[in-house]
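Shared between the two complexes below is chain A, which has chain B as its partner in the first and chain C in the second.
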Partner chain A sequence: MAVPDPVTDSAAPLRPTYAVRLLNWSTWAVIAALFVVSVRQTGFSLDGISRGAVDFVRFFGRLAPDWTALPQIWAPLIETLQIAYLATIFGTLLGLPVIFLASRNTTVNGPVMWVARSILTVLRSIPDLLYAAILAPILAPGPLPGVIALTIFTMAVLAKLASETVESVDPGPLEAIQAVGAGRNRMIVYGVLPQISATLTSYVLYIFEINVRASVVIGLVGAGGIGNLLNRYLSFFDYGGLGALIIVVFFVVLAIDQLSVWARSRLI
Partner chain B sequence: MPRAKPDLGLIPAAPANVRRTQWLLVAVVLAMVALAVFFLLTMNLPSWSRVQTGLERNALPLLRGFVNPEWGVFELASRAMLETLFMAVIGTAIGGLLAFPMAFLAANNLLGSRLLAFPGKTFLVGVRTFPEILFAIIFVAAMGPGPVAGILAMGINSIGFLGKIFSDVVEGIDPGPSEAIRAAGGNDLHVFFYSVVPQVLPEFASYLLYRFEINLRAASILGLVGAGGIGAPLIQRLQFRRWDEISMIMIVIVVVIIVVDTLSSSVRRRLV
Partner chain C sequence: MSHITFSDVEVTYKGGLKALKGVTLEIPRGQFVVIVGLSGAGKSTLIRSVNNLVVPSRGDVAIEGRSVTRATGKDLRRLRSGVGMIFQTFNLVKRSSVLRNVLAGRLGAVHPLRGVLGVFPKSDVALAHDCLRRVGIPEKAFVRADALSGGQQQRVGIARALAQEPSVMLADEPVASLDPPTSHAVLRDLKRIAREDAITTIVNLHFIDMAREYADRIIGMRDGLVVYDGSAEDATDEVFEAIYGRPIDEERDLRGRT
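Now for the complex of A and B:
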């Protein structure tokens, strides 16, 4: 039989069909149109960028840190990290059962999975700062609404990320465990968990990184942590304190990120 | 031949190293729980009665508001959400444009050594470390409130994320096509435009869309610090606890974000 020769056979290099190319071009056209409309509607211009850049650099010059503010910074900074830590722990504990309800291969039945996934989708579509902004006036200003806000966020993101991992585990061990008569819970504990534990730990660390960043700013809406102090410095135009705070936060977040990245690289 | 009867009672103990790992795991979990309890005890948590009065005063109105969203603010909320969407589009575009060159300046394989890529990588780590809203605060303080401050904050923050992921993509390309072009006499520019760029473009586009999803979420809260978008009308109503109007605004946010997420992830699936 003749083997098609990629050089002489004109049909060999595959070209996308007209329909596919039309779709591609129209996608680009929609994106371009969206961009043009966006620029028009927000009053954005190159002038705006250059002005912003100049203002930004000038402002940064004013942020010469005033290190006498340091003693004020430590306590709220520690509270920030406590909020991130507690939210990560609670969110993980609450999220664990939800992961398996939201995964096709471990869920109870179709409707349960659908409900779990829908709730997660809605929970995830609300930004964490918004949870904090709503909870702070209801509960009491301070770390409590911050912890609850980030716990909800952690749970929703973890369940979403991890349920994708659960759905892609090797089905062999699960079948083997079911074949010897184990129920759903045993299948999860002995079949699924060992396969996903490394990835799961890595996700938790990753979410902890996000939570640290988030807990820095939730204080802006009264939900505890260093954002509170940030707000105070801003409203009193205390740029020296602000500069010191930003530098301290920068290095603390950087250190936690690097530790977490290193730990995650060891895990997977 | 007599067959040996299986001794069901004799399940071998786990090997020593596995048992050690198990003990270690239990110890780590216990330590983590202890730390959590310690934090809870030492933290400045509100008294139970304070929480109770807060709940009594606000929980019912909140629930009532969420069940009965005020349609009077629907038009305002839609217009503000549209502005938010536009902000996210431009912010992502700026981030993508600036991250594109950064990606190549931070890729080990393209620059030929880890040392040359180090400054680029360090810059990207630095940018990523800052929370977006901190940039927004600085821009608002420096140039006044409005969507432009929010756009610039998002644009700068996106460089950190996109630059990192783009450079990972560049480092993961197949060296075959580049070698083939070089073997046929092509120079560095030929390699770049005919081997590197075509290989990375679909993944770049996919991550750009993903960042757009993140930026849309970010843009909807940037207004809390005066950087434009739907956060501004929201924070006003939060101060006056107009739960029915807040509920309407949140519904608009959630619906738009879910629709955009769904569209964007279906396009991303086609891309990669």
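Now for the complex of A and C:
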């Protein structure tokens, strides 16, 4: 079969049609229009920064860390890390079966895949902060709503990321294992898991990083951990404690991120 | 009674491509059959209809009188577990050890839960080691599959199929990714094992001299139909030219040379 030769087979390079060019221009026009509307309606203005600058400096001055607050910080900080850790474990365990139901090459059938994907889309479209804000008053404030909120987030995000990985595995071994007379589950364990395990672990570590940061924030809405303390320092104007807390959180999160990045770099 | 029976098998793929247009064949037990033909002639489709990886749209394929085409679920898996298959691209799980790849051949035979947990009976592990011995690479059991050469990987593929203790072996272009000397070595192994265990074997091959050297029977396919069916001795150059639809000359060499 002859391969078409681009040099001899076409006289001149094809210009984009007018329709395509019009589309390009109108895309830029829409982006610009949205920008203008957003600036107008939010009343965005750099004046706010200059006017706030004085307060800003004064505030930072007061943030000078009061290290006597340290003993108060450790326990909720550890609780925050534990919330993130538990949510990552639970979310991974719950997400694993969903990954395979949501992947074209390992699902049971079309309708099951559609249901699995739809559930994931709905779960993912709600921010974790919202889950925590809804769950905290229902379940009583504390670590539990935090763990549940981040578990849902972990499950939904992991299943979405990993199902794309599952769909791109080499189909050869799957065919071979099917030919041996094995069913779907054995095919997944023998054919798919070994191919995705490194990537999967890397995703789980990455989601753990995100969960650590998120678990600081969701504490603000009553979901346990260091966020509770943060909230208290803010409402009691305890800027010394706040300064110490921010510095401690910064270094702990940084350390976990670096550790996770290092671990992930060793995987592939 | 024939071991494998194709009755008027037709395969139409989604999109309307007709890969097989009515194939009827009887293959007796223990025969070593080589299928030749150009790419797209329907060789791979024919082979995959034997273990129902491709489902015929009409007609029927039966092993020992039991229909594979109409089998579903557990029955189909049981039939498949008696049919070994090896592939052009070996289809090993590259990140797993050689032994684990060979043990995958037992997945159709062991209890599903054992398979999922990876706890194989001692006898199965011994069988896997034995299969590696028979293909000449017993020392590679604990090496990762992607650390092996192409020829060694295909031997692992054969060992995996052998671990099924199959009565039928399918080989889809098993040497197309290998150099000629390795190709001959792999085909020799395949033929020897087929003899020793009386395994009915169907092999797709591109190369004429290899087909002549190893086949008990050659089946020529063209455009979804069987156009030649006879012994290796009767398959002259003229026969091959008819199958391939073009002359065999030096420039378009269709032979594999050692």
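Quick note on the criterion: the second predicted complex is superposed on the first by the 243 of 268 C-alpha atoms of A that agree within 3 Å, B and C clash if a C-alpha of one lies under 4 Å from a C-alpha of the other, contacts with A are read in each partner's own complex, and residues count from 1 in each chain.
The rule is simple: a contact is a pair of C-beta atoms (placed from the backbone, for glycine too) under 8 Å apart; a residue touches a chain by one contact, two chains touch by 3 or more.
The structure presented is a predicted model; accordingly, all values stated were derived computationally and were not measured.
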Contacts of A:16 with chain B and chain C, given as first, second, both or neither: neither
Chain B versus chain C as contact partner of A:97, first or second or both or neither: neither
Contacts of A:216 with chain B and chain C, given as first, second, both or neither: first
Chain B versus chain C as contact partner of A:175, first or second or both or neither: second
Which superposed partner A:189 touches (first chain B, second chain C, both, neither): second
Which of chain B and chain C A:234 touches, first, second, both or neither: first
Between chain B and chain C, more extensive residue contact with chain A: B
Shared chain A contacts, counted only where both chain B and chain C touch the same residue: none
Complex contact set, residues of chain A against chain C: 170, 172-173, 175-183, 185-186, 189-191, 194-195, 197-198
Contact set on chain B toward chain A in their complex: 32-33, 35-36, 39-40, 43-46, 50-51, 54-55, 58-59, 62, 82-83, 85-87, 89-90, 93-94, 125-126, 128-131, 133-134, 137-139, 141-143, 146-149, 151-152, 217-218, 220-221, 224-225, 228, 234-235, 238, 241, 246, 250, 253-254, 257-258, 261, 267
Footprint of chain B on chain A - complex, ascending: 27, 34-35, 37-39, 41-44, 48-49, 51-53, 55-56, 58-60, 79, 82, 85-86, 89-90, 121-122, 125-127, 129-130, 133-134, 137-140, 142-144, 213-214, 216-217, 220-221, 224, 230, 234, 246, 249-250, 253-254, 257-258
Partner chain A, residues of chain C touching it in the complex: 51, 53, 76-83, 85, 87, 89-96, 100, 104-105, 107-109, 112, 115-116, 118, 157, 160, 164, 170
